[in-house]
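Okay, so chain A shows up in both of these, paired with chain B first and chain C after.
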Partner chain A sequence: MALAHAHSPTQRRLNRQAAKPGRTIRIRIKRCDGPGKPSRWEHFDVKVERGANVISCLQQIAAHPVTADGKATTPVVWDAICLEEICGACTMLINGRVRQSCSCLIDEYAPNHGDSITLEPMSKFPVVRDLWVDRSRAFEALKRIKAWIPIDGTYHLGPGPREPARPQLTRYTLSTCMTCACCLEACPQYTIEHDESKWDASFIGAHAISQVRLFNSHQTGKQLAPDRLDILTGLGGIASCGNAQNCVKVCPKDIPLTESIGAIGRAATLHALAKWFSGPS
Partner chain B sequence: MSAPAGPLHKHDFLLRRLHSLSGLLPIGVFLIAHLTTNSTILWGAANLRAGDNPFQRRVATFQEEVSFLNSMPGLLLIEVTLWLSILFHAVLGVYYIRTGRGNAAHYPYRDNWRYTLQRLTGYFSILFIFYHIATLRWGWSFLVPGGAQWSHHYASSTLAQALQGSADGYTAAGLAISIFYFVGVSCVVFHFANGLWTAAITWGLTVSQPAQKRWGYVCTGLGLALMGMAWASVIGFATLDPAAARRVENRLLGETDPEPGDGRAAELDQQAGPPFKEGG
Partner chain C sequence: MPQQRVIVVGGGLAGLAATIRIAEADMPVDLFSMVPVKRSHSVCAQGGINACNEVARQQGYSEYQHFDETIYGGDYLADQAPVLEMANWAPRIIDLLDRMGVPFNRTAEGFRDLRLFGGSLFRRTHFSGATTGQQLLYALDEQTRRHESEGKVNKYEFWEFLRPIIHDQRCVGIVAQDMRTMQIRAFRADAVVMATGGCGLIFGKSTNSVICTGGAASRCFQAGAWYANPEMIQVHPTAIPGADKCRLMSESARGEGGRIWVPRKQGDSRDFKDIPASERWYFLEEKFPKYGNLVPRDIASRELFDICVNQRMGIGGENVVYLDLTHRDPDYLTRKLGGIMEIYEKFVGDDPRFTPMKIFPAVHYSMGGLWTGYVHGAYDPPQPHGEHRAGGVVPVSTDSGQGMQPGAPENMMTNIRGLYAFGEVSFAFHGATRLGANALLSCIFDGLFSGASVVNYVRECEPGETPADSLDPATFDAAAQHEQSKHQALLDSADAGDMTDETNPYRIGHDLGVEMTEASTVVKSGPRLEQCLKKLAHLRDRYSRVRLSDAAMWTNQSLSYTRALGDMLILAEAIALGGLKRKESRGSHFRTDFPDRDDPNFLKTTIATYDPQSRSTDISYRDVDTRLVRPRPRTYGKIEAEQQHKTGQPVVAK
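Entry: the complex of A and B
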């Protein structure tokens, strides 16, 4: 049987098979006109065909911005770039849970005529407008942990060390992170912080911890390992993790975030001990 | 780019790791020992050298444990260390809990429920442990229904009295205290077993998901064993007849007293709080 509000993959597959073409569904959207402005709910009825996704419904609403009760309104604003779940820009709350809206098929979520879908902006980042949020804090975190490989110099540094094959396999998965912020939105330890000056003292998040693992296991990247671990053993670093493990469950790229947290937890323990007994490296 | 100053922030990582460590050592280790001791009130029946019948053996074994602990050198130092550790763990714990906001209603995964439960059981454990130590160790008998004062010479009978509300058995307030104890010990054991599981990730002992799963089985096993001991302790004392236990204890005191009738037992009786009715 086709059921709206399904969360299990099995039920979603059943929904996809049972979805009725040409049905009308209701989309409930939490709207906001700009930073600091109050939020309101607006409902839209949208006629959907097989294979429609949340973005195509939002495009229909933009082309004809009239609410379900016939009132003309402004087009709903959302952020999107790639439309193939590799950029992370269209991340939002769909039926209360975080995911990308481009890969969210209406057939899976609202298979019957009259079913509804709820769209909200992410709650851990400041809203720019409607479903569009400002994820700057997540990118600032990547700058703090130096999520790059240092290859710039005043002279030619020559070829880097040879990369063993096995760590490359681990790193490939870690490298698929797109900073979409699903892990941050679902994390009970990551709370919204409007004051930019407090970002450095607030929890850095699973994505950054996993990126430290990525770059610290690279032969050239590990030159900056002590710097990165200094950040993660500081305020708002890995010790702020509460092990709720929501991050790994909502990650659209199946990145083993909790394994990264365990691995960096070990590195942080050793780093802190080394520092305590022998001074800064 | 201004990081908040202050030692709490400057040494955040160290304090968080000490918070984790204090839950394992000394608190966790003490919890295991404490539950082992207290559950003798049930499994003491199997301690065949302690008495003629199972009831006698239960009371005598527990009494022997209590007397042994009371004879430990530096007991006060051990106790104060434990109290300070619990205080440290509790104060920082509450502070850390307040940095997060549970969302198990939106993301009802089992791990996420455990995150929320860890915090709820933490709060309840603070309440329970404070009441437990204040009434039974510091002698704040005004908090005990019936006003029973715990005596380490009459360990079983006075504890049963404190749990049941009177020397003659249950009162309504006594029943509430017994239920409070049952919930309290359950919270403490869950908090420890789950904390042991997360501590392994925190310190980097378990990294891969299969390793975390395996360690989860170990923590579940230990948690179930401790839960069994905790429940055995509460059920053991909640169902113990205080008057009958008192008779066994009187006999034990008579046996160990070098000069029976020198008034020591009477003196101890006085310390033990309201007098007991004999018989029943």
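Entry: the complex of A and C
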């Protein structure tokens, strides 16, 4: 997968300033009718509205599903919810690079008349239809690592642990992970797996490792740290990370994923050593 | 003995809080959501969550004042007892979220930090950066995942709610559809909790997520549930207008010092940097010296609308005004408002730490919703109190049960037994305007407080005698069959000839949004609403001939949207009709032909009912519970502009 950013931030700003109003651009979309069906490309010409993003172009196509060569087709299916890059749903490959489509501004990607933008579904997850993929494996990983604080229940028991501002800020940053799976798409070690029974033994992914760091750094949450590290020292755990560092480059929330992998890698080593010395429990 | 179970529809804050509470009581929960619950619309909430806290308390604030502010903010349209209970519970809810690991912003000493928010002069808003909704939702999502792992919760994600199943005048299940396989199925349940959020999509571009069609609420309305105060739609003053939606720019931007202004000279085309302070018009600060930029949302929206639309004073003649934070320290802004600074920069391209944001009002929240009842709690003063002032004697304790009776089965139950409504889809708590940072509170409060009511209803009321599991399958089959036929009719429309704009669902939806935004948001009038109702009838006629452009039997999103569009049109009529019949101005509902509040005639809850035979909506009224505080004029200390000195200095609330 091409990781090189098709457009640098500077280039995107220049593009935005140079964008021609009233232009028409071409959207090339890789489509697929359902699991096991062949993929095909369809091209659409879209008149760019002010402030247009990939979502508004897809909305235009839905309202008028006719390809560039005049053939009637069906509206493109895609996953989208908040359109503010906070829910993580509308993730896809845009010009070969994974990102959310809502925050992808047409002015930045296709400033000139006739420019084109390519949309493809993420490649590491099974396609449901068109640009919509099934990311349940990413959520299953959160269950495996017990991504929660084991509270005593919802009755009133007073406040949580007091926490200085700095660790709070670290936890906040880690806690902004939307499970959008950009990091998984970009990871060479994370490969598509249709067979659910093989998920547990396949690489769990940077998002889950970073969530382990989040929960292990909370006073109550760390009670489950051994269970979490057991998972990460097992098959498909942290040892499967190939240190390509792609994850951190594509994270839309700038979560320090490689830092998390480093920190949890050290914790996992200590955990494994401790277990080794104490013998099998 | 058949297994009893509860269905929760919707996995935002209200739905997840309910799920957790109900599962904790060892009652199995089937949780339905159109999206993975972690992606629910609650993630969009930015600013924070209100609760009395120790710092504010020592300055004279109290839970009771939070209650009083909420009632005053809502222009007395909210039933009062549930609001009192909510305000009393608020500090406990913050503590619980804190225990769940929500990374609330901290002070230097490690206490929870607080910020100022609209409608209050006290810092009583707890926050987590500028993505508080996301952080709260994630905490509840995590606890739900824990219950799911323990087998107490069964998630049905990517399932769409199609209708409640009502048998013997109580709700005994739902019909839902798998949005991928398109399978339609009936599910049994001893109680159903609707937690499906708002209906912003009816207005086209709003701050809502694309799933917030109001379709689920409308389906309950069509099945006989009352829909209360439909006309009460909140327009948020500060949003970024966009091609696909309007993106919220949180009230916390003003809570952290953001100032709203336009150039004093109409059409002034200078760069903002070249306009000196004396030539900037901070109109909110001038008109409302006490609250300044932090007047409630309906008031701010009307002022912005007036500046841009009536006075044509918007920046560069366009419908936008400045929301300016450039006088604040950039690092401070990153720390306190990073999430929204980032949204603005990503979607507009300018960095709001150095360039003022350009914003305009957008539809944001529905105070109206499914009608819900409650059992009055212990506090019942001989006569309602007057205005509560900071530091004054609080007439009631903060014990649980003062406002609402804990665990009473009727709490937040709709007029249909066994059908509950929690969160934004319920009409409770916010009256005619919701105060900022009260939504997250009301959603979680509903789930936690009234979740216990659901459990008690299932164990002790009708379902205890006749569980849904013991009922004749024919009831359920018939309901599923009804939806199957509707589904098929829509699919068949794809083959009915050429598609035209007239019958295109997306065009009808677009026209609906434009009409509703023009006629039924910031400024309304009788003649315009009558025109709107005619337009809606016309749109419904077009919809009766609607044509799908996709006949696929697999993951057909067009079908889902088109079906919801029919339901949106019905709810839109209730919204417009409620607005037409309410011949007064109150909170978010402003009528140019009836600019004053009219308590004798309209201190009443609008109740919309739907008649499936005639396919028409009827409006009636119910009294509002005003037993606790006496209505007073809602002015927020507004003074006339001409009395003001034009100092250009910010008004800082303490």
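Going forward, the second predicted complex is superposed on the first by the 260 of 281 C-alpha atoms of A that agree within 3 Å, B and C clash if a C-alpha of one lies under 4 Å from a C-alpha of the other, contacts with A are read in each partner's own complex, and residues count from 1 in each chain.
By our rule, contacts are C-beta pairs under 8 Å (C-beta built on N, C-alpha and C of every residue); 3 or more make two chains touch, one makes a residue touch a chain.
A quick note: this is a predicted structure, and the numbers were derived from the prediction, not measured.
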Following the overlay on chain A, give me a clash-or-fit verdict for chain B and chain C.
fit
Using the touch definition from the top, say if A:21 reaches chain B (first), chain C (second), both or neither.
neither
Check whether A:186 is in contact with chain B, with chain C, with both or with neither, and answer first, second, both or neither.
first
A:197 contacts which: chain B (first), chain C (second), both, neither?
first
I want to verify the contact counts: of chain B and chain C, which reaches more residues of chain A?
C
A:114 in the overlay: touching chain B, chain C, both, or neither? Say first, second, both or neither.
neither
With both complexes overlaid on chain A, does A:237 touch chain B (first), chain C (second), both or neither?
first
Included angle at chain A between vectors to chain C and chain B, based on C-alpha centres and rounded to the nearest 10 degrees:
160
With the two structures laid over each other on chain A, which partner does A:65 touch: chain B (first), chain C (second), both, or neither?
second
Closest CA approach of chain B to chain C after superposing, in angstrom, is 13
Chain B touches which residues of chain A in the complex?
96-97, 186, 188-189, 191, 197-198, 200-201, 203, 233-237, 239-246, 249-250, 256, 258-259, 261-270, 272
Using the touch rule from the top, collect the residues of chain B that touch chain A in their complex.
1-4, 9-10, 12-14, 16-17, 99-103, 106-107, 109, 111-112, 114-116, 198, 201-209, 211-212
Looking at the complex, which residues from chain A come into contact with chain C?
13, 16, 33-34, 49-53, 55-56, 59, 62-63, 65, 72, 74-75, 77, 80-89, 102-103, 105, 108, 128-129, 132, 135, 139, 142-143, 146-151, 153-154, 156-160, 162-165, 168-169, 171-172, 175-176, 178-179, 215, 218, 220-221
Of all residues in chain C, those that touch chain A in their complex:
20-21, 24, 35-36, 38-41, 43-44, 92, 94-96, 98-101, 103-108, 110-112, 128-129, 131, 134-135, 138-139, 142-143, 145-146, 148-149, 180, 209-211, 241-245, 247-248, 335, 339, 343, 346-347, 349, 448, 504, 506-507, 510, 549-550, 552, 554-555, 557-558
